[in-house]
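Worksheet for the structure shown next.
Per-chain residue numbering starts at 1, and chain names A, B, C and D are given in the order in which the chains are listed.
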Amino acid sequence: MKLLITKDYETLSQLTADLILLKWSENHRVNLALTAGASPKRAYEILAERLQTVHFDQSFAHFYNFDEITLKDQEDGLTMQALMQELFQPLGIEAENIEVLNAENYQDYDYQIAEDGGLDLVLMGIGEDGHFCGNLPEFTSFDYGVYRVPINPGDELYQLLDQATSHTPGTEMVTFGPQTVLAAKELVLIANGKKKAAIIKQALEGTITEDVPASVLRLHPNLTVILDQEAASELTA
Amino acid sequence: MKLLITKDYETLSQLTADLILLKWSENHRVNLALTAGASPKRAYEILAERLQTVHFDQSFAHFYNFDEITLKDQEDGLTMQALMQELFQPLGIEAENIEVLNAENYQDYDYQIAEDGGLDLVLMGIGEDGHFCGNLPEFTSFDYGVYRVPINPGDELYQLLDQATSHTPGTEMVTFGPQTVLAAKELVLIANGKKKAAIIKQALEGTITEDVPASVLRLHPNLTVILDQEAASELTA
Amino acid sequence: MKLLITKDYETLSQLTADLILLKWSENHRVNLALTAGASPKRAYEILAERLQTVHFDQSFAHFYNFDEITLKDQEDGLTMQALMQELFQPLGIEAENIEVLNAENYQDYDYQIAEDGGLDLVLMGIGEDGHFCGNLPEFTSFDYGVYRVPINPGDELYQLLDQATSHTPGTEMVTFGPQTVLAAKELVLIANGKKKAAIIKQALEGTITEDVPASVLRLHPNLTVILDQEAASELTA
Amino acid sequence: MKLLITKDYETLSQLTADLILLKWSENHRVNLALTAGASPKRAYEILAERLQTVHFDQSFAHFYNFDEITLKDQEDGLTMQALMQELFQPLGIEAENIEVLNAENYQDYDYQIAEDGGLDLVLMGIGEDGHFCGNLPEFTSFDYGVYRVPINPGDELYQLLDQATSHTPGTEMVTFGPQTVLAAKELVLIANGKKKAAIIKQALEGTITEDVPASVLRLHPNLTVILDQEAASELTA
């Protein structure tokens, strides 16, 4: 594990933006799975600024959503809608460079990724419960490739999703499992803020266990962790 | 440059066959450009035997012809016909895993390779004139990507080709140029026999020059050269 | 995971020998941790034959023992003695290319490996109990780097070791833990014979758990598994 | 070739600084050869700032000078003095992480680099005459590994050096040749300003020739070129 601890969220975001840019600009196909959500928000803004000041051939990078939650009466799921709004539209990524994982194609998706040449980079955040991608503590098995979790209106997950979106949640979540993620060539985990400090300590210094799904990322030979000081504040090493 | 000198052609062929097999069996897309011709003949026979005794998922490897010579009244060119006979048919490679370079698509081919993720392996022989792929001393520029050489019935090349095939040569040769080949992740050059000894010395120990096209391969950071003792017999180092 | 199933042990051994040879012959430092024991026995014999017929610069490869068991009144431990006899002496590997892990230096060893540039290849067998390197089911934690297991004369392990060696076992085992092994660039697991079939099924198709230590190897992005038909006979896929 | 064209020198320098930082922070030995001189000046300043705000284990990166010019009555040569002042001292790089090339050890240096595991990154500028590292148009051969050029007080080079330093030039220049540089895993070429526009056009779009030494860098499979708009202003593509 390669660990970078930055003074603040701004520095974390600059480093993350440049890391993405340097991959994106490869002169042959690269496959990038980049997270939606709060953690990379500023990095994507910086990336959008970079695109105003750095010119390169953007055509070779393909972008993957690494999880998806269906929404009632919506074609796109929760993740794709978020990625469209936070990343793909602001950065002008062409539809032909967006590879969609959804509840229909998830069973063939590990094969599809392999056909595409494998994932070159997966950028992830971590939840306060230790989840990465859609790997929640209660559902995660280290054995899983891409898999499906049913969602029922009575579930805690349903309530959570209901609050997270203006749409009505659907009945399915699909996600890259640990096998899919750890098969990628390079992993990056970012976390910022005081409220991530406890789970970061558990994930990076505690037991590797399915109860703290992100702990398994430490087993990857090419993992970079970028934290701000607050998120790193409980680490002992 | 990584140099392996084998006692004889049989050992060279075994090593080459296993090197190909270990690439072919990757669990994600890999792009292989393998030479036709005399040098790899025995390696391909051994590879065919290996396929009887080694089981693996063959579906992820895509095979490229790195040059082509059109033939009059023939759909396939000289190289594709040879590869079909020597490699693709004996080894049962599916049509969908064969990527065809020809006189129609050569101008877009560098872009196509990049779109496909780049070349993972190029296996080449060397001509007594120092050519690799279709890079003949008189036509080679280190600047070239995939390019076209016109062939006229009056040319020496035409005479040569006329002898090499039972068909009438066409009017065009296309080939991966030095830029295309050196952009690959890994290169392998094989040579055997006394008659290759002089050019091997020039290519590996002489001046790097377009007059000895294969000399440029030494500049690649990941070049493996496998020679039998005869082909290596004039090397000083 | 890349899976190769060979007709028989001889083919497995040929492939393994060539895989090692192709790494060993790199033209810059590479760090190889190769297992002792029954599984690679024939591969090492073939490798010794290859060294009679293939000439290359052997000086850049460094060889590591990935575990060690101390022996009473013996300077070298059980693993180093085995490697000396089975691999290093028959293949003429120079002392300066042998990197020794032992009970004295194990605490700094992860750092030492990193200082050396990291491991390029770890070749392992699997025990019928699912162990790899010295990671026994009862002692393994996925969190461990290089670690130490005390051995007491009353232990089952002591009895086992006592039978395995003509010397009296010592009081310590040290081994690369899962963290150390999975940090390597490339892993190879080999297994042959009927008696490995059940554990291979568990390790490759069962739950990833510390109770079957080798199951964790599946999480590595660059794992090659080479089995003979007997060892593969219980696999469903 | 991967080409990034930035709006200005500041953006070029930010990208370059982060590219270096992301390599420097590897969790195992990496070997970096970074240029002295005007082009990376601002990048190194930004890197020094980054070290105030980004914490990581700096101990695994080793730094190489890729050329050297002896100075009369001075232990360190011109390049090492410049690197000390511009990079090593401001960034607090430890003596034990600095690998010195000089007129005494240059003959063994290609071997030394290979022993060290090979170069992971070479960051270079380009001279208006097309030189990279110490490869001047009049002295460069694509065949050269690390080599020596004698300097005589009557030479144009001597006059040039005499102006460039407050010390009296010595009698020798040593440099990584094209073979040494192109054997590295990754190359980065940076250039900024109007006065580099003409040579950048020649190097990137002109003939690959020893007369424009940097043109040969295009043959490397993993070359990144970062230019500001002025340096890129004569490119046609």
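Assume a residue touches a chain if its C-beta (ideal position, glycine included) is under 8 Å from a C-beta of that chain, and two chains touch if they have at least 3 such contacts.
The UniProt protein names, listed by chain, are A, B, C, D = Glucosamine-6-phosphate deaminase.
Remember, predicted model here, so these are calculated numbers, not experimental data.
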- Relative to subunit B, which chain has the most distant C-alpha mean position? A
- Classification of the subunit A:subunit D interface as same or different, half of numbers criterion: same
- Contact-richer chain pair (by C-beta pairs counted) among B-D and C-D: B-D
- Message: So the centre of each chain is just the mean of its C-alpha atoms; given that, what is the distance between subunit C and subunit D in Å?
- Response: 40
- CA centroids of subunit B and subunit D: separation to the nearest Å works out as 34
- In subunit C, residues with contacts to at least two other chains: 27
- Query: Residues of subunit B touching subunit A in their complex?
  - Reply: 27-29, 60, 113-118
- Task: Would you pull the subunit C residues touching subunit B in the complex into a rising list?
- Result: 1-8, 11, 14-15, 18-19, 21-22, 25-27, 50, 52-57, 224
- Query: Tell me, which parts of subunit D touch subunit B in their complex?
  - Reply: 141-143, 178-179, 182-185, 206-208, 216, 218-222
